[in-house]
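Two complexes are shown next, each including chain A; its partner changes from chain B in the first to chain C in the second.
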Partner chain A sequence: MKILNARRINTIVSMIGYLFVWAPIVVLAIFSFNASAYGVKWESLTIKWYVDLFHTPEIMQAVLRSLLIASITTIFATAIGTLAGYGLYKYKFAGRRFLRMSVLLPITVPYVIMAGALLVYFTRIVHIPLGYPAIIIAHISFSAPLAVFVTLGRMQRINWSLEEASVDLGANTLTTWRKVTIPLLLPAIFASAVLIFPWSFNDFTVTYFVAGVGTTTLPLYLFSMLEYSLKPVLINAISLIFIIMPILLIMLIYLSKARTKHGS
Partner chain B sequence: MVAAKNDMKRKTHLHLLPTVGPITIWIFFFVFAPVAVIVAISFFATGSGGEILPRLSLENYRLLLFGGSEYPRAVIRSILYALVTNLICLGIGYPMAFWISKYGGKFKALLLFLVIVPSWSCYIVRIYALKQLVGYPGILNDFLLNLGLISSPINILYTPAAVVLGLIYIWLPFMVLPIYASLEGINPSLLEASLDLGATPQWQFLTITLPLTKGGIFGGAILTFIPALGDWLVPLLIGGNRVWMAGNLIEHYLVVRGKIAMASSMAVILTATVVLLIYVFIKLGGEESMERIV
Partner chain C sequence: MLKLVENRKTWVFIGGLIFALAVSFMGSGLVGSAQAKTYKQYVASLPDGCQPVPRECFEQAVAGKTFAMYDWAAWWPEELYKGFEKEFGIKIVRDNYPNLDEALAKFRLNPKTPYDFWLTNPKSVWYMKNWKLLETVNHDWIPNVNRYLAGDVKEASWDKGYNYTVLTTLGYDAYVINKNFINKDDSRIPSWKFLFEGWDVYKDRLVMRNEMNRVIGNTLKYLGYSLNSTNPKELKEAEDVLVRLKPHIMAFNSWPKRAVMAGEVWIVEGVVHDYLSLGKLAGPENPFVPCYPPKGCLLSPMLVVMPKGGNNPAACHLFLNYLYRPDNFATLINGVAYGHGHTGVNGLIKEKVVKWMTPPEAGYREKCEVLLPPAFTGQGEKLRAAIWEKLKK
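Presenting the complex of A and B:
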C-alpha cells in the first residue's frame, strides 16, 4: 500500500513537471491561430498571422540573417569541435586535461560575462567589426565546445580497429582519414551539427552583445517586438514556424533513427 | 625500441596539430584573451568621463564593494534566487528522472527527449510563452476569471517569485539529465541485494539510490545553479526593471552606460563567485559530478 502511494506521488510530481515544461509552449502554439490581435481571449480560428508573417520583409530578412549565421557557425564549430574531440580521445599529451577544462570555460562562465568580454575584446583590442564577423566568431567560441563533448561521448562506441586495419593494409594517413576515420565519425558530426545549428539560430544573449547596429537576427527582432509590445500574435506565429517546428522535426528524425538502430 | 618509441611520439605530435590544434588556437584567442582583457581592465583606474586611465588601481573594486553600490546586493539576490531555483528544480527534477528511469520502460528515450526538447527552443520565446500564460493580462488569469475560480486577476509579474518561476522554467531540464544518467548508472544487483537483505523500498532509496546519485545531483546543481546565477533575461523580461540580478547590472554598465572598467570589475567578482561555487559543488559531489556535466 505504501509503495503504491510513493509511486503515485512520484508519477504526479513527474506529470506536473512535464505540464510545466510544455504547457506554455503548447498554449503559445494554439493561440497563434487566434483571430484576436492583442487579447488573451480566444476569438476564432485564423491563419491570417502566418500570411502576415511572410509579408513582413523585416521578419523574412531577420530569418535569412539567422540562417546564414547558424549555417556558417555550424560548419566551422562542428569541424573544429569534432577534430578536437577525436584528438582528445585518441592521443595522450601534456596539457590534455587542461585543454578539456579550458573547452568547458565558455559554457560554464555566465553568458553575460563571456559575451561582454568578447564585446570589449572586439571593439577595444582586436578591432573586429561588430555584426556578422563578430557574431560568427562569438558563436563558434560557444558552440565548438558542444561538438567536442558530443564527439568525446560517442568515441567509445566506435570500432577503431577498422582504422588500424586500414593503416596495416598500407593506406596512408590521408586515405585512412578520408575512407575510414571520417565515415566512422559521421554520427558524431551529425549529432554535433544538430545541436549547434539550433543553438546558433536561437541564441539571444551572445548575439545581443556583439551584433552592433543593423544585424538584427530573429531572436533580436523578437526581443524588440516584445520590448515595444508590437503585434503579440505575430510573435506566436514566428515562434511556431521558426523555432518550435524545426525542433520537433529534429526530434522526429532523432527518434526514427533511434528506432531503426534498435530494430537492426 | 627507443627509436620506435620516439617515432610513435613524433607521430602523435604530427597528429595533434591538425586535431586539437585549431581548438587550442581558437580558445586562446577568443576565450582566454577576452577574459584576460576584462580582468586586466578591471584593475585600471577610470577617468571622470569614463575613459580608462593607464594607471593600476583597486578603485573599481573599492567603489563596488564599499562605495554603497547596489552591486553587492544584486549578487546576494542572485545567489538567493539561484539557490531557491536550484532546490525547486531538484524537488521536481529528481522525481522526474527517477520516474523515467524506473517506469519508463521502452519509452525512456522518448520521455527524456520530451524533457529536453523545450530547452532547445529560443530563450526569448520560452520566457514570452510563460509570461503570456501566467502573466496579466494572461491566458491562465482569463481562464480562471471566466470560470469564477478567482474574483480578481492574480498578477505575479515583476515580483521576485515571478523571476524564480521563470528561472525554474528555463533550467529544470538541466537538472533532470545528469540525475537520470546517474540513476541509470547504478548497478541493479546492489538494489536486489538490499531487497534480499530485507530493506523496505523507502530504506533502499535512502541508503542505496540517493547516495549513489550524489554525483548526478551536484552535476545538476552546477548546470542549474550557475546559469541561473548569471541570468539576466529572465529578470529583464519577467521582472520588469524592478528586480535586478548581477547580470543585469553588468549589461547595464557595459552596454547602456559604457562604463567598461566598472562592468569588468563586476564580471570578475561574479566569475570568482561562480568558480568558487563550482569548486564547492565538485568537492561535495565528487568526480562524478564533473563527468555528469558533459
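Presenting the complex of A and C:
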C-alpha cells in the first residue's frame, strides 16, 4: 500500500514537472495560431502569422544567419572542447587541476562583461573584424567549455583498455583514434553538439557587442522588434518552428535508420 | 540512440543540412539590385517641389554600393528602404539594436563601428558629439531637408542649426487612457493632475515607463518646473509626488503594450503614438485616448546621425534627401503614426492615420521640452538616480 502511494506520488510529481515544462510551450503553440496580433484574447484560428513570417525577408535572413553561426560554432566548439577534455583527462602535467577549473571561466563570467571584453579584444588588440568571424570566435570561446565537461564526464565511464588493446594489436595512433577513441567518445560528442547548438543560437549579449554590419541574428532582431512591431505574435510562430525543428530532425534520422535496417 | 549517433548516415545528413543552409544563405546575399537610375534620370524623375542632391553626393553614394543603417526592427515601412534600393541601386544593410543605451555603449567601446546612419535620441547625440564620434551634416547635400524641415526644429535645443542631426519623428511623452475603463470626459483629463495626483478610478491600473529621466521629467513638468531641472528643492517635490502616486502604480514597464491591449492597464504614461498605433489593431472601436497635458510634456525626437566610422556618408545624405520628399515622408508617417517636423506632408497623411494620431493643438510643441544634459549628467543625474532608487524599493 505504501509502495503504491509512493508510486502515485511519484507519478503526480512527474506529471506536475512535465506540465510545468511543457505548458508554456503548448500555450505558445496554440496562440501562434490566434488571429489576435497581441495574442491576448483568442479571436479565431489562423495561419497568417506563419505566412507573414515567410514573407518577411528580414526575419528569414536573421534566421539563416543564426543557423549558420550556430552550426559553425557547434562544429568547432565541439571539436575543440572534445580534444581539450581528452587531453585534460589522459595527460598528466603540472597545473592540470588549475586548467580544468579555469575552463569554467567563460561560463561563469557575466555575459555582459565578457561581451565588452571581447569587443575591446577584437577591435583594439587582435584586430579581428566584427561580424561573422568575431561572433563565431566569441561563441566558440563560451561554448567549448561545455564540450570539455561533457567529454570529461563520459571519459570517466569508458574502459580505456580497449585503446591499449588496439595499440597492442598493431594499430598506429591515428588508426586507434579513428577506430576506437572517436567511437567511444561519440555519445559525448553528440551530446556536446546538442548542448552547444541552442546555446549559440540563443545568445544575445555577446553577439550584440561583437556583431558587425549585416550580421543581425534572430535574437537581436526579436529584441529590437519588441519596441515597435505591431505583430509581436510572430515571435510565437518563430519559437514554435524552432521547437518543432529538432523534433522533426530526430524523427527524420530515426526514419532514415529504420529504412537502412529494413533494406539490409 | 547510441547506434544512431554512430551511424555515418546521421552525420552525412546533418552535414548536408548545414551545407544546404550555407548555400541558401549565400544565395540570399546574391540578390542583385534592380537597374538604378543615372543622375540625369534621377533629376528628371523628381516630383514637383523636390530637389536633387548635387551630382558629387550622388556619385559618391552610388560608388559606395552599400549603405549601412542602424535602426529599430519592424518600425519604419519596408517600402521606404526598398524604394531607395530600387531607385539608386545602393544595397541597404540594416542592423537593429534592442535599445539606444546599448547601442551607445557599442559606439563607445568601438568608435569605428561602421554605420552610415543611426536613428537615435538627443541624449546619445550629446554623448556622441562629446566623444567626437559624429560627422557633421553637409547642408548642401540635403536640399529637401532644408526646404521642408520646420524652422523651430532647425533651431531645436538638441542641435541648433541641425549640424549633426536630422529629425525624423517626434513623439510626445504624455499619457494615454483606455476609455472603456476611464471616462474620457472627466474634467481632470488631459491635465497632469489626473495622472500624478493618484485617483481611485485607476488604482493599480497605471503603468509608467521604466525610465527615470522620462518619469521624473514629466513629474517636474506637472509641478510647473523645467523637466531638466537640477534644483534639489524642485526634485524633492517631484519625489514626494511620485512616492504618493506609488500605490496606484501597477508597474514601471517600458513594454506594456500587451497588457494595454488586454485591458489590464487602463492608463499608461509613455510616448502616446506607440499606443495610438495600437488603435490600428483595435479597429473602429479604438479605446485609446491620447492626453496632451496643457502644461506640455517631454518630447522624444528620433534623429538621424552619421557616426564617424561610416563608410558611405554620401549615401546617408542621399537617403535623407530621399526621405524628406513629401511622398516618402508621408509613407513614413502613414506607417508609424508619429508626430514630425515636416512642413510639406500634412495633406498626404491618410485620414485614418490622422484620426489615430489625434495630434495636439497647434503650438503645443513650444510648451514641450527635450531631455538635455543637465538632466542626465552630473548633479541632475545623481539626484534623479536617488529618487528612482527610492521609488523602485
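Annotations
Methods note: the second predicted complex is superposed on the first by the 213 of 264 C-alpha atoms of A that agree within 3 Å, B and C clash if a C-alpha of one lies under 4 Å from a C-alpha of the other, contacts with A are read in each partner's own complex, and residues count from 1 in each chain.
Following the convention adopted for this analysis, contacts are C-beta pairs under 8 Å (C-beta built on N, C-alpha and C of every residue); 3 or more make two chains touch, one makes a residue touch a chain.
None of the values given here were measured: they were computed from a predicted structure.
In the superposition on chain A, A:67 contacts chain C only, with no contact to chain B. Touch criterion met: A:10 reaches chain B, while chain C stays clear of it. Of the two partner chains, chain B and chain C are each touched by A:119. Residue contacts after overlaying the shared chain place A:228 against chain C, while chain B stays out of touching range. For chain A, the partner touching the most residues, choosing from chain B and chain C, is B.
When the two structures are aligned on the shared chain, A:183 is found in touch with chain C, with no touch to chain B.
Once the two complexes are overlaid on the shared chain, A:209 sits against chain B and chain C alike. In the superposition on chain A, contact is made by A:130 with chain C only, not with chain B. In the superposed model, A:37 makes contact with chain C only, not with chain B. Residue contacts after overlaying the shared chain place A:27 against chain B, while chain C stays out of touching range. Comparing the two interfaces of chain A, the one with chain B and the one with chain C have residues 39-41, 116, 119-120, 204, 209, 222-223, 226, 232, 254 in common.
Across the complex, chain C meets chain A through its residues 1-7, 9-10, 13, 17-18, 21-22, 24-25, 28, 68, 72-75, 78, 93-99, 102, 105-106, 109-110, 112-115, 255, 257-258, 261-262, 274, 277-278, 280-281, 336. Per the touch definition, chain A reaches chain B in the complex via residues 2-3, 6-7, 9-11, 13-14, 16-18, 20-25, 27-28, 31, 39-41, 79-81, 83-84, 86-88, 90-93, 99, 102-106, 108-114, 116-121, 124-125, 137-138, 140-141, 144, 148-149, 152-153, 198-199, 201-205, 209, 218-219, 222-223, 226, 232, 235, 239, 243-244, 247-248, 250-251, 254-255, 258. Partner chain A is touched in their complex by these residues of chain B: 12-13, 15-16, 18-20, 22-24, 26-27, 30-35, 37-38, 41, 91-93, 95-96, 98-100, 102-103, 109-110, 113-115, 117-118, 120-126, 128-130, 132-134, 137-139, 141-142, 168-169, 172-173, 176, 201-202, 222, 226-227, 229-233, 237, 247, 250-251, 254-255, 260, 263-264, 267, 270-271, 274, 278, 293-294.
Within the complex formed with chain C, the chain A residues making contact are 37-41, 58, 60-61, 64-65, 67-68, 71, 75, 116, 119-120, 123, 130, 183, 186-187, 189-190, 204, 208-209, 211-216, 220-232, 249, 252-254, 256-257, 260.
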